[in-house]
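Labels A, B and C are assigned to the chains in the order they are written; within every chain, residues are numbered from 1.
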Amino acid sequence: MARRKVNGYAAIGFPTWAYVVFFFIVPLALVLWYSFGYKPDLFTAHANDILSFDRYAEALDATFVGTFWNTLRIGVIGTLLCLIIALPFAYWLAVKMNPKWRPLALALVLVPFWTNFLVRTLGWQIVLSPRGFLSDALQNLGIIHGRLDILYTQSAVQLGVVYNYLPLMILPLYVAIDRAGRPLREASADLGANRWKTLFTVTLPLAVPGIASGCLLVFIPLMGDYITASVLGGAQGNMIGQLVASQFNTAQNWALGSAMAVLLMVFTAAAVIVFGAAGLIIRSLVRRSRRVQLQGGAA
Amino acid sequence: MVERPDIRALVPRASAARLSRRAFLSGLVVIGGTSVLAACAKSTGFAPSALPDGRVEGKLNVYSWGDYDDPSNIRSFQKSGTSVQFDSFGSNEELIAKLGATRGTSGYDIIVPTGSYIPMMAKNGLLEPLDHRYLKNMGNIDPLYLDQSWDPGNKYTVCKDWGTTGFVYDTRAIKRDLLTWGDFLDAATTEASKNVALLEDPWEVACTFFAANGIDPNTTKKADLEAANEYLVNTLAPHVKAFNSVAVTSGIPEETFTLMQAFNGDVRQGLLATDKPDAWKFVYPTPTANLWMDNWAIARGAQNMDAAYQFIDYILKPEVSFREVDYIGYSTGIKDLAAMAKKHDFSYPELVFPDAEVIQRLTPAEVNSSAGELVAILNRMMAKAGS
Amino acid sequence: MSNTSPTRPEADGSVSLVGITKTFGNATAVDHIDLEVRSGEFISLLGPSGCGKTTLLRMIAGFEQPDEGDILVGGASVVDLPPHRRPVNTVFQSYALFPHMTVAENVAYGLRQRRVPKDEIARRVQDSLALAQMVDFADRKPTTLSGGQQQRVALARALVNRPKVLLLDEPMSALDRKLREEMQIELKLLQRELGITFIFVTHDQAEALSMSDRVVVMEKGAVQQLGTTEEVYRDPANAFVAGFIGKQNFIDATVSSPDALTTADGSIPLHRLPQGVTSGSSVRAAVRAEVVQVSAQRPNGPALQGTLAGISFLGDSIQYVVLTASGLELIARVSPDRAEHLSTGDTVWCSWDASELRVFEAAA
């Protein structure tokens, strides 16, 4: 009886684990497998008859490390910028906006996703160009003197990634803030907290899971992005995704490309763990600060 | 590989010249598809092609790069009673992967591979040998574009269009005449420093150094590669603003750079889009540069043989071919196009039809054992420039 | 609950609503309401959903702004103050406990906003949790508590701030019946002890009657009747109140003489005629189910005859449904020890003391 039940659950769960196995575990295992191989000759991308860690040694050169730090900087700043922009926007959407207009606003947030990633990044090339309308407008307003010199710089990449990934931050934040709900904000006000206190002691702490998932949704794909950097970045905005892509596409060295991809995953995971640990420490400090020590109570 | 969407939907023709298929992909993919080939070479058994029987079929399937033929030419060809169905691929890998996987049953009759891929495609049986008896207009092709190293005797392919690499500079910023790759590198590290765009293409970037120093661009010698690495990474890279194969078409009208390595037809697109074309000068640098060529070929397993031959033969007609040139912005290699261009008031013909002397000094890029190292050099340059 | 009373307010906990009107779009939620709540009284706002009672409460708390009118707490206008500066606290229908804080942290929240010293916070949280009998749960998260426990925490969280006025928005609606009855008693005792003004919103007339000093019966944004529980129960001001309080039988009738009504099923005696109603006018008579006697024998004096259509046991009473010849349905609730032995289909007689009959003008 119990056994049949277990089998029943396994059957119901089939689409889930089949999805995970075929679309996540198998490709990941292949990349891992390739990374221990080598490129035997010009016309073959990988071979695995001799296994070694040599590709990792090859991948971990100064080029990779330097580009990784560059990528990490862009990733961290990009994620923080997304958070700073998305927080007030999601708050406004979830709290202030007339619920009637919310579906429309959410649809507008997603409009850029209707367009190909590459095309919308290319759009920024036109906007940011030194003789483009933005440049003209800023010059006419006297904000800048001389032409806008931002295209093909790291700032352009930073702007591009914020633009490309911002919706991925807004949506989970919106859901989290919306879920915290009006009753809790009213209870907070009722107990004497003004809007800012309510924001920082009720709304934001309850939005932490949304903030965390938004940061992950932005940071992880951003670390692997190579299109934004390739289109807007120029020499200064070089990102590690371009290195990996060049091994797979241009050099046709799948072994080295796989090793780079694995290293990127490991380093990105390490970065996430470090940031996650920092978040946990902050949380425990906040909790300690609001703890109530009852006198002689059961607590 | 990234998809290649129809960019022109986004960008008005006047404000930013359209991105040719070369500009878009050359940098990202030079070599490829080989692992698929390795796999398909192991087994035999390709579906055979139909033989031409003189009865032209009612349909034809063409697998080509997106937006790579003049629609008016296609429409007039269809008036003969054969409807043409176009499918597009974004890279040679994609083309090869599809042909390899379907083993002659892809349904495609005509395909458009790039020259450097043709030896391996032929070796792996993806191409149907051409019967020149059905291509009466092959005589219209300038002999310069026949009998290329990667397809001796045009056994499998005929030229669809071709181009070369040079550089363009802003004469307001660089007041001297630049003629050679040596001049290019000199200007890049002086007047144009931090305003230089290189193609995001390992072979092309390395070629600037090899050509400037009298070394064969297809060299595989370790010492040559080490010297290129030393100069390109440590000397040139810090002066580079962007590695970007799409830079020139927008870079000229928007004046993003003062010195750009670029494909000839793309420079013309840039000049057509700018309001100050006189400020720019394009150079076919000495001593040599790349000559790349896309080619018409018939896929193994083609079922509409007669229509395929008829279509290729039709495209080789001079007046048809001229419309192709006008549409795609690159030369098709047909004789006397330059004269027709003059008659039709074609702008900047010199950017599409270089002198024979220029053509004769070009070197087709080869896929050889230095490819991996060239990629590593470009990556190191990008890391260095970004640091 | 505990005998210690940590929060006895010296300040005046009266609440005055003066001409309060609130509309949402085209709908008028509250229509020119005037109300005087005395300091220290337990008053209920009773009415069906949509009658405006919750809107009224939210306006006192400050979550909604009235379109017109003034709200005074302890004689001072609070209408321009934001919620966090009003001397009132609320127990919410959903409790609205902060899920990321422990019980003790929830209770301490209001004190912390007022920058009460830390040791005083600890003492008052302790006392308040003791009052709510929740000390043992101080370090639990609200989500791990039962509905009744959550409600006690919500109460403790509000009371710890020593508000002049406590607003309760249907706080019992999520509790099961037994717990609700227990809480009603506790809540009433607590309110007596603390002397805080309680304004209690409910749609449950039994709840309102069992706890309140006075009841405000509301309908369509207006006060239908304000009175003690006794007054509202015994002497409803109009047919709506009569229908809302207790189980009423309504009988359409005509006034035939100053002391009798003519109904479709015969004449019934009348104790007194309300002012303004004259002989010959159509009226609506109401008699509560609790006072209707059902008997197989025709009683002395007037009675309505009918057929017993249904019998159901309600636990503390037996409910009879009697159908008269004209199709009128009469409901009677009789204490089991006074009930006769009857079966469905029997011909029965319904009677009541004439003084229990209320007469209202027929609805226009």
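A few remarks follow.
As a convention for this text, a residue touches a chain if its C-beta (ideal position, glycine included) is under 8 Å from a C-beta of that chain, and two chains touch if they have at least 3 such contacts.
Composition by chain, UniProt nomenclature: A = ABC transporter permease; B = Spermidine/putrescine ABC transporter substrate-binding protein; C = Spermidine/putrescine import ATP-binding protein PotA.
Computed from a predicted model, the values in this text were never measured in an experiment.
The greatest number of inter-chain C-beta pairs in contact is found between A-B. Among the chains, the centre nearest to the mean of all shown protein C-alpha atoms is found for A.
Centre to centre, using the average C-alpha position, chain A (ABC transporter permease) and chain C are separated by 53 Å.
Per-chain Cα centroids separate chain B from chain C by 85 Å. Inter-chain spacing, taken between the CA centroids of chain A (ABC transporter permease) and chain B, is 36 Å.
Contacts from chain A (ABC transporter permease) toward chain C in the complex involve residues 183-184, 186-194, 197, 201-202, 205-206, 290-299.
For chain C in complex with chain A (ABC transporter permease), the touching residues are 61-63, 82-85, 88-90, 92, 94, 96-102, 104-105, 107-110, 112-114, 121-123, 125-126, 129, 135-136, 138-139, 157-158, 161. Put simply, chain A (ABC transporter permease) touches chain B in their complex at residues 39, 42-46, 62-64, 66-67, 70, 116, 118-119, 122-123, 125-126, 129-132, 147, 151-152, 154, 227, 230-231, 233-238, 242-243, 245-247, 249-254. Residues of chain B touching chain A (ABC transporter permease) in their complex: 1-3, 5, 7, 9-11, 15-16, 27-32, 34-35, 37-38, 91, 93, 120, 197, 200, 202, 237, 240-244, 246-247, 250, 253-256, 367-369, 371-372, 375-376, 378-387.
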